[in-house]
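For reference, the structure discussed in these notes is given below.
In this document, chain identifiers A, B, C and D correspond to the written order of the chains, with residue numbering beginning at 1 in each.
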C-alpha cells in the first residue's frame, strides 16, 4: 500500500497520505476520462470524415488535426454561458455535473488491468451498471429545468429509453456473471486468461449472442445513434441540450464520451477477456509476479494496453454505427427493447444456464480451465475502506 | 480531531434512520402533491432499511453475537424490491387520479367522504 | 489516527439527513425529487460502510436507478404549472411538525437506550474493509441455503436462521402482479387512434 | 366512396398530458428553411400540424410587374434556389409562348442538358437532406459531393453556382465552353456509380424503411385534389409528368427523348434499369415511395442528359440569343407549366404592349405539395413530421416567392 509506505517512510500524517493517494487516484481516473473524451471528440470527427469520404480535421496541431479537441475545448469555454430566463437556474446548473459525476464514478470500480482498479469492489459489475444508470438523472434534470418544450421532449424520451433498456442490459450483464460465478470484475477478467478462446464471448453460443444484445443495449443506454432520440437533432433541435451552451454543454459531452468508454470497457471485461489479449503474450514472455515484481508489473501494463484497446475498439464501433445508420423512432426503440432485446436476453439467460449445467467447461478447448485464479499483484489486498462514492 | 477518531456505532446509524423516518412522516403529512406523499413513503422505507442494515453489522455494536447478520440484508433487499413495487402501483394510482381529476392534489380526492 | 469509517459515515449521514430535510422543506416537487435522489444515493453509501455491499449496489440500481427514475417520470408527467408547488397552511405544518418531532424524539430515545449499541465492537474500519463479501451468501440464502448459519456464534440464534426461498418467490410473483396491475391501472383511457382511421380512409377513398 | 371518419383530434392516451402547442420552426434544423409548423401534440403523438408560411416572402411577383421579362430572370433563380435552371426555363418558355418565339434545336437540347442536370442536383439535395431528417448524416455529404460536381459544371457554363440566370426568354445567355461535354459525361459516369451507394445507405436500409414505409400515406385522389405534382404525385402512383404529358412547348422540348415516367402503376415500377426492390411494408404514396421516385428519377435524368448530349452534338448552328431587355411584349396572356424537380412550376405573364408585363404570377409546386402536410401527418409521431416534411421536399423560396 502506497499510503502506508508514505506514512512509514516519510512520516506523513496518515490522513494526508491516504487523502493524497485517493486524490491522485481520482486525478488519474479523471485524466483518463478527460483524455478519452478529448481523444474521442477528435476521433469522432476523423471517423465521420473518413466514412463520409473527407479528411476530417487536418489543420489544428499538425497533420492529423491532433489538437482539434483542444481547440474545441477552448472554443466552448470561450462561449457565452446562457441560462434561459424561465429556467430553474439551480437545477439547470446542476444537471451537467450530475451526468458527469455518474459517468466518472463508473471509472472508480472499473479495473484497467489485473488489480488496477481504484476501488476493488466485490459487487463491481452491479455497481457499474447502477452508477451508469444514474447518468439519466442529469439528462432529465437538464431537460426539465431548461423550460423548453424540446428539452422536455428529450428528457422524457431519455427517461423512457434508459429505464427500459436497463432491463435487457442488466440481463445481458448477469449472463457472463452467471458463468463466471462472481460479481467481482477483477476476478471475471482473470478467469479469461489464456488464449482468446477463453473469452467469455466464446464460452457458449448463447453468450456469443448475448454480447451483441449487450452492445445494442449499450448503444441505447449511452444514448448513441441510432438510439440518440434524446438529442435527436432533426426532430427535437437538440433535445435536452437545446438550451445548453459553452462549458455546461461540454460537460454533458464529456459525460457521454466517458460513459461510452466505460460501457465498452465493461463489455470488454465481461465478454472479451478484459486485459487478456487473444494470445497470452504475458505468459509466453514470462511476465508474471512469480518471476519478478517488475515483470509482473510489465505484464499488467500490457494487460492495461489490451483493455484500453478493446474498449477503444468498442467506441470505434459505436462511431461507425452512428455515422452509418438513420435514427430509430421512439416507438421502434421501445419495441426493440421490449419485444426483442428483453425476450432474447431472457432466452440467452436460460440457454446459458442450461449450457453451463450440461457443459461446465464450455464449448471450445481451453488452455487453462475456467475459474483458475490468477495470481494477484501485491497491492490488490483489501485496502482500508475509503468509502465509495455513490 | 477527536470526533473523527471515534469509531461509529450502531446508534449513529439508528440516528440517521430515525431522521429519515421522521422526515418521511412529516413529508407525508405536509405534501398535497400525491407524488410528494409518495416521496415521504420512500423516505420512511429507507429509514427502516438503514436500521436493518445497521442492525445486521456485527462490528458496530458491543454485542456482536446478537447482530442480525444476513437476515438484515435480506430484509433490506425485500424492502427495496417492495418499495419499487409500491412506487409503481402508487404512481399508477397517482396517474389514474390525475387522469380522472385533472389534478394531483390529494386533498381534492374527497368524493368518498361521508 | 483518523477513523476513515467515521469520516465517510459523517459525510454520507450529513448528505442523507440534509437532503431528507430538504425534501420536506422544499415546495417545488421537482426539487423534492432531486433531493430525494441525493438522499437515497447517500444512503447507499451508508450501506457500503456497514459492509452491506450487495444491498448498497441494489439500492443504487433498483432504488435510485429504477424507482426514482419512475418517480421523476411521474413528476414530469404531472408537473403542470399549478401543481409544481402547492402550499399548505401553517396550521398543517405545525401539526405535522409536532407529530414528526414527537416520533423523532421517541426514535432517538430508542436508538440510544441500549448501551451495547453505543460502543462499536472493534475499530470499525477493519471489518468494513474485510467484510462485504455478502453476494454469495445472499444468493444462497435466497435459494434457501444459509451458508452463514455455521458462523453464528450464538447457538440459540442458529436455529432461527432460515432460508428465504419462499419470500423470494412470493416477492417475485408479487412484482409481476404489481407490474401488470400498474400497467393496467395507468392505461385508464382508450380511444380510437386516428392513425388507424386516416390511412384507411385515404387508401379506400 | 364515403368513409367513416373519426375525429382526428382524438387520440388514445395513457396519461392525461396537456395538449402541447409546439412551434417547429421557423428556426428548426429540419424544416428546410424558414417554415413554421405549429404542432398540436399529445405526448409524442401529433394531432395536427399547421404550416405557417411567409417568412421568405420577397414580393417576387410584384417585382416581376415592374421589370422586363429578361430582368426578372434572376428573381426566378431565387424561387426554387436548388433548381434555378428549371425556374429560368419555366419563365423563359412562358414568355416565349406569349411572344410566340421558337428556339433553335441546339438551344432546346442544351436546355434539356442543364435542366436535367439541375433536376439531378435538386433530387440529390432532397435525398441527402432526407437522410439528415432521419438522423443519418453521411448520405448528406455523399449527395452534396456529387452535387458539387454538377455545380462545377454550371459554374463553367454561366459563372454562377446557385443563381444561374442562364436560360433567358428567347434562348441562352451563352453556349457551352470547350470541353464541357466531356466533363459532363465524366460527371455522369461518377454519378451513376454513386446511386447504388445511396440505395444501400438509405433506400434499402432496414431502419430507413421502417422510418418511412407506411408513414404519411398520400392517396392518389388526395394528391390530385390538393394539386400535388412532381415526385409527390408520382410517389402516389399517378403516372403524370409534364415532360411527357405537358402543353405542347414543354412536351415538344422532350419529344425525341426516351425516358420512363417513374411511378408505381399496377404494383410495379418501370423496369428499364436495375432498381432495389420495393419493401413489403411500403404503401404507395408513403414517404418511402416519394423518396424512391426521386432516386429513380435521378437515373432517368442521367439517361436524359446522355441523350441530350448526343442530340446537342448532332445539331448544328448557334444557340438562340435571348430577347433584349427593352423588347416589347405583345398584348395577351400566356400560362405555362413546366416539370420542375419539385413539381409543376407554372408562370403566368400578361403583356400590355410595353416591355414591362402587366401581370406576373408564379404557381408554386411546393406550395401545393406542402398543403397536404396537415392532412397526411394527422396522428403520426413527432419523429414522423420531419420524415413527412422531408419527403415532400419543399423549398421555401418557391412557396413564399
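Rule of thumb we're sticking to: a contact is a pair of C-beta atoms (placed from the backbone, for glycine too) under 8 Å apart; a residue touches a chain by one contact, two chains touch by 3 or more.
A quick note: this is a predicted structure, and the numbers were derived from the prediction, not measured.
Asker: Which of the two pairs, B-C or A-C, is linked by more C-beta contacts?
Answerer: Taking the two pairs in turn, the one with more contacts turns out to be B-C.
Asker: Measuring from CA centroids, which chain ends up nearest the centre of the complete protein set?
Answerer: Taking the mean of all protein C-alpha atoms as reference, the closest chain is A.
Asker: Please work out the Cα centroid separation of chain B and chain C, and write it as a whole number of Å.
Answerer: Computed value for the inter-centroid distance: 6 Å.
Asker: With chain centres defined as C-alpha means, what is the inter-centre distance between chain C and chain D in Å?
Answerer: A distance of 59 Å separates the two centres.
Asker: Per the centroid of Cα atoms for each chain, what is the distance between chain A and chain C, given in Å?
Answerer: Going by mean C-alpha positions, chain A sits 26 Å from chain C.
Asker: With chain centres taken as the means of their Cα atoms, state the distance from chain B to chain D in Å.
Answerer: 63
Asker: Note the residues in chain C that touch 2 or more other chains, in rising order.
Answerer: Expected reply: 1-2, 5, 7, 49, 54, 58, 66, 68, 70, 73, 77, 125-126, 128, 134, 186, 188-189.
Asker: Residues touching two or more other chains, restricted to chain A: which are they?
Answerer: none
Asker: Counting only residues that touch at least 2 other chains, which ones in chain D make the list?
Answerer: Only 15-16 qualify.
Asker: For chain A, which residues are in contact with chain D within the complex?
Answerer: Residue list for chain A touching chain D: 48, 51-54, 149-150, 153, 225-226, 228-229, 232-237, 323-332.
Asker: In their shared complex, at which residues does chain C touch chain B?
Answerer: For chain C paired with chain B, touching residues are 1-3, 5-7, 9-10, 13, 16-17, 20-21, 23-24, 29, 32-33, 36, 39-40, 43, 46-47, 49-52, 54-55, 58-59, 62-63, 66-68, 70-71, 73-75, 77-78, 83, 86, 88, 92-93, 95-97, 99-101, 103-104, 107-108, 110-112, 115-128, 131, 134, 137-138, 141-142, 146, 148, 152-154, 157, 161, 164, 167, 171, 174-175, 178-179, 181-183, 185-186, 188-189.
Asker: Taking the touch rule as given, give the residues of chain A at its contact with chain C in the complex, in rising order.
Answerer: Against chain C, chain A makes touches at 14-15, 18, 88, 90-91, 94, 121-123, 126-127, 129-131, 133-134, 136-137, 140-141, 144-145, 152, 155-156, 159-160, 162-163, 166, 170, 182-183, 382-390.
Asker: Would you pull the chain C residues touching chain A in the complex into a rising list?
Answerer: 1-2, 4-5, 7-8, 11-12, 28, 30-31, 34, 37, 41-42, 44-45, 48-49, 53-54, 56-58, 60-61, 64-66, 68-70, 72-73, 76, 79, 125-126, 128-130, 132-135
Asker: Under the stated contact criterion, what part of chain D meets chain A in this complex?
Answerer: Contact set of chain D toward chain A: 20, 22, 28-30, 44, 131-138, 141-142, 145, 201-202, 205, 207-208, 210-211, 381-386.
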